[in-house]
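One chain, chain A, links the two complexes that follow: it is found with chain B in the first and with chain C in the second.
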Partner chain A sequence: MHSSSTRFQNIFSFFTTVAFTVAGVIALSSFVFPTHTTATGSIRTVQIAPGRQNQYGTLGRRQEFAHIKFDLHTDLTPLFHYNTKQVFLYLTTTYPGDSNKYANNTVIIWDKIVPNNAKSKTKLALKNQRAKYPFNDISGKFASGDRKAELRLEYNIQPHVGALVWGTIKDADTGSNILADFVLEDTAKAIKSKKSGKAKADAEATKARETLKEDL
Partner chain B sequence: MLASLAALRPRQLASQILSFALVLSTAFMLWKGLSLVTNSPSPIVVVLSGSMEPAFQRGDLLFLWNRSPDAKVGEIVVYNVEGKNIPIVHRVVRNHQGGLPYTKLLTKGDNNHADDVELYARGQFYLNREKEVIGSVVGYIPFVGYVTIMLSEHPWLKTVMLGIMGLMVVLQRE
Partner chain C sequence: MDPVYKVLDGFIDFEGQKLVEQISSTCLVAVGLVSLTVGFALQDLVYTLYIMGAGLILTMLVTVPPWPFYNRNAPRFLGVKTEKDE
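Now for the complex of A and B:
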């Protein structure tokens, strides 16, 4: 009964019981902290340019890549409590694709790991930030039809122990999960085609006016 | 040692062996039960590499859940590429779905600069959610799984531990 092996066993089992109980209490207690915060964000430019799919040699074929620049303002302070090890913050874009095969597409265009220490900045103010990950569509080319895309800001709280928590940061003004609606089209080209389209329309209008004058 | 073994009556010896077998089968049943509940062939995994640092370090224990047919972008999944027998824990960075019966995923380790295409099979660019993903991470306990890394890196430890455990059970008088 009082041999050294049973003593060792008792100490060990007591230690593990206490450790797991404390861990369990910490894990449960982290659900009581409110994690509400808001953000504002918008798309500055979209550039669609051809590129190779990956960096590993000859496999990559040429396809369309979307390069995005955006603005983002948010305060992550409410996501940090004593059981937060880090916050993984990520911007996602959802866009429609080929309606038969891949109609719903979601990609991470930018992410940031914010560790829980005094040095980390928890307030973000990004202006004209280049998205870390230019993305291509799974089919190689963005579908020609509907290209309405949405921008969302999401987070994953990594605890020291316990459950991982995911969430979406809502828009400060509208309260919706979507920070910005945009069209997945090359902004420079869109402006150019708009301009040339306008010029053409103007030319046609003056021509029509002239013919009208002549008729009169 | 041997003398004390010989001193045991056969009935007592049999009951000790039975209790040892009971412990083993209970552990096995719990594992398989958890596997059924979570719908994952391996509901608890140990992190083997530093590719998800600083979120996960080597030896951390992860609890998986595999009841959702989707794996959203931002979720951390464990996948097993067909033909390669190493489970990998990485984050989903792209998700493509639609008319096809399964969702296609692209994954990336937080600590890696490039995505996982290099880790997939030759010529494979996306994961199959249905076939290759064995669960997504829902819970986390740090460091506890380090024992298994020690055991797999130093196989003789396994024999030593099993031997000690067996002897302890057999030699216990009560």
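Now for the complex of A and C:
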């Protein structure tokens, strides 16, 4: 510490030690905050149609795509604390698929980056939201047979300092990791038949009313 | 060139060096603790960052230049021996 340069070097070196310790304490302190949140989610419609996806400027092979629309309600506020830079939220679908070859499949159908600033909304209320990414089976066609799929909402907290934290948001009602069970089948037909059935019923009701009026 | 070297070298005496050691360590540890507490209390890491930066600059300003109070105890050397003394 005799000359100015040695003083500068020694003090800066001790400062780096202090800064690293401070960063370590901050990283550890992020585990103090509870990250418990719940969500509700449901599938509105599933439409399965053949199509070709644009892949790097050329058209990919013709294959089956599932077009999903869903509802999602969740409050992400508990995931945000002073050491949260942003939260990456992603919706995954798991389905059994072909039991011989590709038995367990997980596909991310939608995601969102929620940065930690005053502008971003931490409460999500999505209604009839279209899936963001194409959803197709690795074999090109969804296997016949068991098509029961599960919907999960997962997150990744990205901190300013410290470790990344992964987790799954639990269902508000059941408390399980699965937000919704659904079948990977075209719902359009089912809705159509329901609609025609309803139209029939309406027609019958008006007819009945008219006959009532005539009677009076 | 002597005056220029004197400023650049910034030599201080032994007591001054001891003082610099004490001041710098206590200041930096205090800055670290304060920045942590303020950042946690106000739930914003930006304060932590700024307090650390400001603390480093202040500590450097106090300890790096050869301020006069670091040179108050100049070492006393023995006088030059001459033949007469023997």
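Keep in mind that, in the parts below, the second predicted complex is superposed on the first by the 179 of 216 C-alpha atoms of A that agree within 3 Å, B and C clash if a C-alpha of one lies under 4 Å from a C-alpha of the other, contacts with A are read in each partner's own complex, and residues count from 1 in each chain.
Rule of thumb we're sticking to: a residue touches a chain if its C-beta (ideal position, glycine included) is under 8 Å from a C-beta of that chain, and two chains touch if they have at least 3 such contacts.
Predicted, not measured: the structure shown is a model, and the values here were computed from it.
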For this session: Check chain A with both chain B and chain C modelled on it and let me know: fit or clash.
Result: fit
For this session: Classify the contacts of A:Ser120 with the two partner chains as first (chain B alone), second (chain C alone), both, or neither.
Result: neither
For this session: Check whether A:Gln47 is in contact with chain B, with chain C, with both or with neither, and answer first, second, both or neither.
Result: neither
Exercise. Of the partners chain B and chain C, which touch A:His160 in the superposed model: first, second, both, neither?
Worked result: both
Exercise. Touch check for A:Thr38: first (chain B), second (chain C), both, or neither?
Worked result: neither
For this session: Tell me which of chain B and chain C touches more residues of chain A.
Result: B
Exercise. First (chain B), second (chain C), both or neither: which does A:Gln129 touch?
Worked result: neither
Exercise. After lining up the shared chain so the two structures overlap, which partner does A:His81 touch, if you call chain B first and chain C second: first, second, both or neither?
Worked result: second
For this session: Check whether A:Phe8 is in contact with chain B, with chain C, with both or with neither, and answer first, second, both or neither.
Result: second
For this session: Go through the superposed model and pick first if A:Val22 touches only chain B, second if only chain C, both, or neither.
Result: second
For this session: Note down the smallest distance between any C-alpha of chain B and any C-alpha of chain C in the overlay, whole angstrom.
Result: 13
For this session: Could you pull out which residues of chain A sit against chain B in one structure and against chain C in the other?
Result: 160-161
Exercise. Which positions of chain A touch chain C when the two form their complex?
Worked result: 1-4, 7-8, 10-12, 14-15, 18-19, 21-22, 25-26, 29, 81-83, 160-161
Exercise. In their shared complex, at which residues does chain C touch chain A?
Worked result: 8-12, 17, 20-21, 24-25, 28-29, 31-32, 35-36, 39-40, 42-45, 48, 52, 56, 59-60, 63-66
Seminar exercise, completed: The answer for chain B against chain A in the complex is residues 54-55, 72-76, 91, 93-100, 104, 110, 114-115, 117-118, 123, 125-126, 137-142, 168
Exercise. Along chain A, where are the residues that touch chain B in the complex?
Worked result: 5, 23, 53-56, 59, 85-86, 88, 90, 92, 97-108, 111, 113, 115, 133, 135, 138, 154, 156, 158-164, 166
